[in-house]
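Below is one structure, written out as structure tokens; the observations come after it.
Chain lettering (A, B and C) follows the sequence in which the chains are written, and residue indices restart at 1 in each chain.
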Amino acid sequence: MNPKLFIKFVSVSFQKQVTYRFDCFVGIVNGFLYVFIFTSLWKALYSQFDTTVHNGYTLTAIVTYAVLVMAVRISFTMDDSIIYRKVMDGSISMELIRPTSFFFMNLAENVGHSLFHMMARTVPIVVISVLLFDIYIPLEVIRILLFLVSCIAGYILVSMMNFIAGLLSFWFIEIFPFLLFKYAFYTFFSGGIVPIDFFPEFLKPVVALLPFQYMLYFPTTILIGRASLADAQSIIVAQLIWIVIMGVICHLMWGAGKKKLIIQGG
Amino acid sequence: MEQNKIAIKVKDLSKDFDISESGRGFSGKLKALFYRKRKIITAVDGIDFEIKRGEFVGYVGENGAGKSTTIKMLTGILVPTSGSAEVNGIVPFKERKKNAAKIGVVFGQRTQLWWDLPVRESFDLLRVIFRVSRTDFLSQIKKLDNALGLKPLMDMPVRKLSLGQRMRCDIAASLIHNPPVLFLDEPTIGLDVLAKESIRNFLAEINRDEGTTIILTTHDMNDIEQLCKRLIILEEGKIMYDGETELLKQKFVHEKVIEVEFYDDGNTIQGIPGVTVVREQGCKKWLTFDNDNYGIGEVIGTIASRYKIKDISVNEPSVESIIRNIYNNSAMLPTT
Amino acid sequence: MESIKIYLTLFTTSIKARMEYKASFLFYVFAILSFYAGQFGLLFILLNRFHEIKGWSVGEMVFLYSLQAFAFGFTNLIFSQLVNFDKMIVDGEFDRVLVRPLSPLGQVIFSKFEVSTAAHLIIGFTALYFGSCYANIEWTLYKVILFPVIVTGGVLIAGGIRLMVTAVAFWTLRNRSLVHTVIFSSKEFINYPVNIYNMGMQFFLTFVFPIAFINFYPAHFFLDRSGAGLLHPSLEMGTPIVGIVVITISIFSWKAGVNHYQSTGS
């Protein structure tokens, strides 16, 4: 897929989101709600002990984490029913006729969607949070750059996750239960609420086997300074490995799905 | 009592809608709190009519003329701005439930059946909702089945029915409680010719045999021609015509067109008094004639004697062309 | 009254309609259970690390959760169709409701059978059992009788709020995001004891958006806890009263919505 086409799809998707302005305003409230709840929770938890550091996080660090991981998470907002809808109304067959890669088109659509959410929701939420809470981010240029690279990698992983979940529509009439599963796994294992450092020891091997921590947790740790610059590089390498693994899964599933589509006729 | 013979009575009924600009987006809506461009449109403007029991009335008009709005007021969905309406002696917007129990409504584009369930279940549920006794229900279903051929459809889920099948079931559903008045909003839209015919036959039958008062809104003029003895034409919220469909056609009989087919082209029709050629195509010519001064038999006889013709036919003015002309204000309405 | 029989018939019909999709029913319930397992998981991780939240032990937290699970389970059972109500207005389905000789609210409420209730009830009973044990609740006859009363009050509150926010659709047409935030996201607030929030928010959750009465205040009574925060002894028993007030206001707002619909069309 050529870059120009990719950008075109992104902008189309972006503009579609612009029509849902009211939803977006509500979305700011919605996102901030969660930030508020979790920062309150952390403050309450930390106040119960004399020690100021738990699992390597000071109160400031954990509050920063809570805000930033939510910011990243909201920026990664995607519509996970796109493929399902296309299968249901039959327009999925158009994808077979088009000479473009379905995966990249899907990714472009995700990017357009997310860019809008990032601008309309993440920015206000971060601004409000910075004003209300005690947040600290080490302002090193290299760190921020590594964070951005890691975010892009994490984003691709999330897109792949949703792509795989969406492809299940070929085999199941109702994929909502699967989406719930995916959402549960994603929320829990990505460190989207509680950083992996707090997880009990017996869970850590399980977490290591799954790609989810590379979607939200690791990119965020780079930005808040929890991961050193050297760590950051190995994180990005690990993300790239996971991209390859999940990429293979995506490819195989799409192949199988296409076959089913051609045989069944939709 | 004379009163009982009137099914629907509408007097000076009006409905205004406030479509003030409410502003786009959040800042627009905020601005709208302080300043709004007031814009009120009158969808229905002081209309009057009376429909007797057993009438079959066509209620037509262009889109936006006010037909749906009137129907919504008569079925209790909307509250009028002013004026009065009575259906079966009940004021629809004052006693919505009581009115609902005595009318049947079919919306052409939306089904009232339960999408995932077999038709039988929908009917049974409606029986409960409309408090129909089991014996009445069974005899009614039998009647409807005979006329509409419902038996093969009864156990199919509604989502699997074709449009024609679904429409038959929807019409049956609206009659389960044997209402004295039936409102049909575009019931034949999207149906094929056969389906339309069977539904039209059915409607004519229940009107004739059961005396069901039927109000039909439609864009299909064949529905009107075949079914509606009376026609009410609505335009911009006002009644443009309220009278017999036949009368409307008769008044426009000068629109009758004679179609003449010759064996070869190159013939010219001229010199016949009162006859004008309006169109030519190949071997065919279309003519109109002045019916005030000449009889149609005369005209045809003259043409046949002067020319060697292959075929000749007379085309009735269609209700559609008449109404179209009315909309275009290019025809004078007959006073009724 | 005969009307009640009619509404019950409507309801059993909606169950039948849902049962047309038997296979996905169980799967769906399982998916919801796993979603909540994820939520619980995070809670346990925190409690594992911090032992308690603002004085609330594990058992007490779990009991707190059970009250919420029951309230939302039954609210979902009764008021589930309201979530999709805006679609009914936009599609013109509501017209059909008005043309039937039944109350519009009754028809809308009884028209959908919500599967997730089963999952909520499973969670509710499980949490009730374990919470009871771990928190060493002394179950007097009084408490046993009062439990369903409190749950009913919770249903009136949650259901009333849902009804009110749904009625907004009569004016704004599309309100899906608002519904989502108010009904689902706000639930997150009461997953934790309300005294973790600052005074302003506690006030809000008690007197403006009274969801704290669903589980927080009544829990004090069952757990024989003395209060903290905004808690008066009287607030413990406030749930049923608050429930009646909320549902009354919400029915008025619904009726206002129907009136608005009938004078302005859609």
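Everything below uses one rule, namely that a residue touches a chain if its C-beta (ideal position, glycine included) is under 8 Å from a C-beta of that chain, and two chains touch if they have at least 3 such contacts.
Please read these numbers as outputs of a predicted model, since none were measured by experiment.
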* **Most central chain, Cα average position** => C
* Asked: So which chain is the furthest away from chain B, centre to centre on CA atoms?
  -> A
* Asked: Per the centroid of Cα atoms for each chain, what is the distance between chain A and chain B, given in Å?
  -> 55
* Structure fact -> Note: chain C sits from chain B at a C-alpha centroid distance in Å of 47
* **Separation of mean Cα positions, chain C and chain A [Å, integer]** => 29
* Out of chain C, which residues touch more than one other chain, so two or more? -> 21
* **Residues of chain A engaged with two or more neighbouring chains** => 22
* Asked: For chain B, what residues touch not just one other chain but two or more?
  -> none
* **chain A to chain C touching residues, read off their complex** => 20, 22-23, 26-27, 29-30, 33-34, 36-37, 40-41, 43-45, 48-49, 54-55, 173-174, 176-178, 180-181, 183-185, 187-188, 193-194, 198-200, 203
* Structure fact -> chain C residues touching chain B in their complex are 2, 5-6, 9-10, 13, 16-17, 20-21, 91-93, 95-96, 98-103, 259, 262-265
* Asked: How about chain B: which of its residues touch chain C in the complex?
  -> 17-18, 69, 72, 75-79, 93, 96-98, 100-101, 103, 105, 107, 110, 112, 114-117, 121, 125, 128-131, 157
* Structure fact -> Residue set of chain C touching chain A in the complex reads 21, 24, 27-28, 30-32, 34-35, 37-38, 41-42, 45-46, 48-54, 172, 174, 176-178, 180-181, 185-186, 188-189, 192, 195-198, 201
